[in-house]
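Per-chain numbering from 1; labels A, B, C, D, E and F assigned in written order.
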Amino acid sequence: MIRVLLSCLILVWTQASGADETATRTARGNATLDVITGGKGSPAVAALADIAPDLGRWIVDFAYGDVVSRPGLDLRTRELATVAALTALGNAAPQLKSHIKGALNAGAKPQEVVEVVMQMAVYAGFPASLNGISAVREVFAERGIEHAP
Amino acid sequence: MIRVLLSCLILVWTQASGADETATRTARGNATLDVITGGKGSPAVAALADIAPDLGRWIVDFAYGDVVSRPGLDLRTRELATVAALTALGNAAPQLKSHIKGALNAGAKPQEVVEVVMQMAVYAGFPASLNGISAVREVFAERGIEHAP
Amino acid sequence: MIRVLLSCLILVWTQASGADETATRTARGNATLDVITGGKGSPAVAALADIAPDLGRWIVDFAYGDVVSRPGLDLRTRELATVAALTALGNAAPQLKSHIKGALNAGAKPQEVVEVVMQMAVYAGFPASLNGISAVREVFAERGIEHAP
Amino acid sequence: MIRVLLSCLILVWTQASGADETATRTARGNATLDVITGGKGSPAVAALADIAPDLGRWIVDFAYGDVVSRPGLDLRTRELATVAALTALGNAAPQLKSHIKGALNAGAKPQEVVEVVMQMAVYAGFPASLNGISAVREVFAERGIEHAP
Amino acid sequence: MIRVLLSCLILVWTQASGADETATRTARGNATLDVITGGKGSPAVAALADIAPDLGRWIVDFAYGDVVSRPGLDLRTRELATVAALTALGNAAPQLKSHIKGALNAGAKPQEVVEVVMQMAVYAGFPASLNGISAVREVFAERGIEHAP
Amino acid sequence: MIRVLLSCLILVWTQASGADETATRTARGNATLDVITGGKGSPAVAALADIAPDLGRWIVDFAYGDVVSRPGLDLRTRELATVAALTALGNAAPQLKSHIKGALNAGAKPQEVVEVVMQMAVYAGFPASLNGISAVREVFAERGIEHAP
C-alpha cells in the first residue's frame, strides 16, 4: 500500500520534472508498473533478462514510462482500453491476463472488466469474447474474487 | 439536446421494465444510438435497408440494445474501449471514425481519444496507431475541433 | 435422433410464428444448437453461467436464434463457412473444434471439412491451415472417425 | 455458356488423367478460373505479368489447379467458404469482391452470399460484416442484381 | 549522398557513446530515418505535429533510435522483415509502401523486395501477397524502376 | 553435413533443369526442406499423412519447391522474413518455432533472430513480440544455445 502511494508520488514528480531523462523515464515506468502490478513488478520484464533484456527495458522506459504514464487519460481507462484491444486481437492470452489484473489494480470493478470483454462480441466476434472471458475467469479464480453477475 | 435527454430517460426506463421485449430492445438500442450519434441516427443502419435490413436491426436491437446499453459500464468508457479495439484490429476505418465521434458524443475529451489511439502503438504496433490517428484527424477536421496537443 | 427431429420442428415453427419474441428466439436458438451439438447442448454457454450469463444468453438468442437459424442458407453450409472463418482467423482453437463438430452434425462429410480447412492455405496461409488440420484431427480422434483421405 | 461447359469437361478430364503434370495443373486451374470468373479470366493474374508473373502462375496452377479444383467439395460451397474467410479477415477488399462474384458464378444465390456475410457478425464482429456487405452491394450494383431481402 | 554518409557516421557514433541520452536517441533515430527515407525525412512524423506530436517523437526516438538502429542486424534485412510483417498483417498499406522504399534505400534489390512479398502467399495467403504486390507496383512506378522479373 | 551439401547440389540442379516438372518440384522442395530442418525432414508434413496428405505435398512441392527455393533471395533472409511475419500475425506458435530453427539452420545468428522478433514490438506491438521471444527461448533451450545478449 505504501509502495503504491510512493509510486504515485514518483509518477507525479517525474511528469513535472525534466531532468536526467533516462533515469526519469525508468522511474516513471516502474512507478506505473507498480500501480498496475500491485507492487509485484512485471514477471514478463524479469523473464526477458536472459535473452532480450533491452526489450524489457523498452517495456519499462517506453511502454510504461513514455506511454501509459501520460497524464491525459486515467490509468483505469487505459487498462480497460488495453483489455479491449487484446481481447479483440485474440493472440496474446498471457498479456491479456496481466492487463485484466492491471485494470483491477488501477481501480476498475470486476464487472467493468467483464463488460468490456462481453462488448468485444460486437466488435470482434463471439469467439474472441469467449476466450477473453476464459482469461477473466482465471484471474478472478487466482484472486478469489467472488463475482455475482 | 432535448432529444438526447429523452434518449437517456428511455434508456433508464427500458433497463428497469421487462415488458414487450422486442419493442424494449429496439427503443433502448435507438436511445443509446441517439446518445452516440448525437441524435443523428446511424448511417450504417440506414444503408443496410436495401440489402441486409436484419443486420441493421441486429445493430440496433442486439449491439446497442442488448450490449452497449448495459448499466455495468459508462458509455464514455465503452466507446473508448471500442476505439481501442478497432484501432488495434486496423481493418474497419469507417467504423473507427463512427466510434471516435461516439466517444466524443458520450463525453470523452478530444485528448482522451488521442491518448487511447496513441497507446495502441504499444499493444498493436505503430502502423495501427498511425492509421488510427489519421481517422482521428478526419473526425476533428469534420467537427472543427481545435486541438492543441 | 428424436430430439434432433423435434429441434427441427421447433425451428420451422419458430421461423413461421411471431408471438412472444424472446421465448421464440430462445427456443429457436436452442433448437439450432441442438442440431449443431447433436443434442448435447453447448458447454461454452453452460460455462458462462458463473461469470457472464448474459453472454451465454446472447449466444443462444442472438447468435443461434437470430443469425444461424435463418432460412436463407442451409445449416451445413453455414457451419462450413464458420469453419473457414475460424481457421483463417486462427485465434480461437476451442471454437474451431466446436464448429468442426457442428459441421459434421449438420451433415457435412468428414472430407468436406478437411477440404475447407485445406483451402484456407490459399486464403490465409499454410500455418493457419496446418493449425486447422490439428483441430480436425482432434475431433476425428474423439469421434472415432476412420478417415481415409 | 459453351465455354463454361467446356471448362467443366476439362476439369473432369484433368482430375482423371495424370499425364504431363504441369500442363494438366494449368489447364485444370484455368478451367476452374473460367467457371469462377464466368469465362472472363482473372484480372489479378493478368495484372501480375509485369512484376511477379510467377505469383500469377501459382494462382492458376496451385490455388485453382491444385486446391480449388479438388473433387471433395462442390465449387459453390468452396466460394462461400472463401467469402466467409475474407469477410472475417477484413484485409482484402478487392479479393472479397472477386470471390462474391465467384460464388454467384458457381451457383450460389444472391441471398446465400448475403447470409454468409451477415453470419460473420457473430464470428468476426459487426464491423467486418458491415464492410463485407459494402463489397456485396458493389458487386450487386455492377451486375444489376435486383435483391429484395 | 553526403547526407546519408553523415547519417551513418552519426549512427556509429551514437551507438558507441552514452552521453545525453535523449539527444543521442533522437540523433540516432533521425540518422537511421535519413538512411531509410533517402534523406527526405518521414512524412508520417511531420503529419503528426498538429495532433499527436509525441507519437512522432516516439517514432524517431524509440522506433528508429532504440530499435531499428540496433547493431545486431543489418538495416536491409530489418526493412525486408518489416515488409514481410506488414504484407502479412495486411492492414497498413501506407506504412507498407514506406518500408518498401526503405528496403530499397537500405540496399535491397527490387527483386528481393518482390521475393519477400511473393513468399507471404505461403505464410499469410494469396490475398495478402497480392495486395503487397500492388504496393510494390506503386512504389516502382513512383521511382521509375524498370523491373524485368 | 554431407546430406545438406547434397541438398544444395540438388537445389542448384533443379533450378537449372526443366524436365519432369513434378519430380523436380518435389526434389527441389525436399532439398530446401533439408537445409531448413538440418536434414531432419518436416514433422508437420509427416503428421499430415493420415488426414490431409495432399496438404503435405503442397508444402513440399509448392511452398518449398516453388516459392522458398527461388534464387532471387538468400534462404537466411527468407527465413528471417518468415519469422517476422509469424511473430507479427501471432497465431501460429508451432510454425514460428520451426522457422526460428530454420533461420538458424539457414545461417542466421542467434542474435539476428532475436533482433527480428524484438523489432516486431514496433510493427505489431509488444504482446506479439513477447510471445515471439517465448518461442525463441524454447528453441534456444532445445538446442543448448548459450546466448549472452
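What we mean here is this: contacts are C-beta pairs under 8 Å (C-beta built on N, C-alpha and C of every residue); 3 or more make two chains touch, one makes a residue touch a chain.
Owing to the predicted nature of the structure, the values given are computational and were not obtained by experimental measurement.
> If you check the contacts of chain A and chain C, which chains show up for both?
Touches both chain A and chain C: B, D, E, F.
> Select the interface copy of A-F from among A-D, A-C or B-F: the correct pair shares over half of its contact pairs, counted by residue number.
Going through A-D, A-C or B-F one by one, only A-C repeats the A-F interface.
> Looking only at C-beta pairs that count as contacts, which pair of chains has more of them, B-C or A-B?
If we tally the contacting C-beta pairs, A-B comes out ahead.
> If more than half of the interface residue numbers appear on both sides, call it same; otherwise different. Which is it for chain D and chain F?
same
> Express in whole angstrom the distance between the two chain centres, defined as the mean CA positions of chain B and chain D.
Chain centroid spacing, chain B to chain D, equals 35 Å.
> Averaged over CA atoms, how far is the centre of chain C from the centre of chain E? Could you give it in whole Å?
44
> Need the CA-centroid distance for the pair chain C / chain D, whole Å please.
Taking the average C-alpha coordinate of chain C and of chain D, the gap between them is 24 Å.
> Mind pulling the residue numbers of chain E that touch at least two other chains?
Residues 54, 58, 62-63, 67, 70, 86, 88-89, 91, 114, 118, 120-124, 126-128 of chain E each touch two or more of the other chains.
> Where on chain D does chain C make contact in their complex?
62-63, 67-68, 70, 72-73, 77-78, 80-89, 111-112, 114-116, 118-124
> Hey, which residues of chain B end up touching chain F in the complex?
Answer in residue numbers: 88, 120-128.
> State the interface residues of chain D toward chain E in the complex, per the touch definition above.
44, 48, 50-55, 58-59, 63, 86, 89, 91-92, 94-95
> List the residues on chain A that touch chain E in their complex, please.
21-22, 54, 58, 62, 66-67, 70
> Along chain A, where are the residues that touch chain C in the complex?
Residue list for chain A touching chain C: 89-91, 114, 117-118, 121, 126-131, 133, 136-137, 140, 147, 149.
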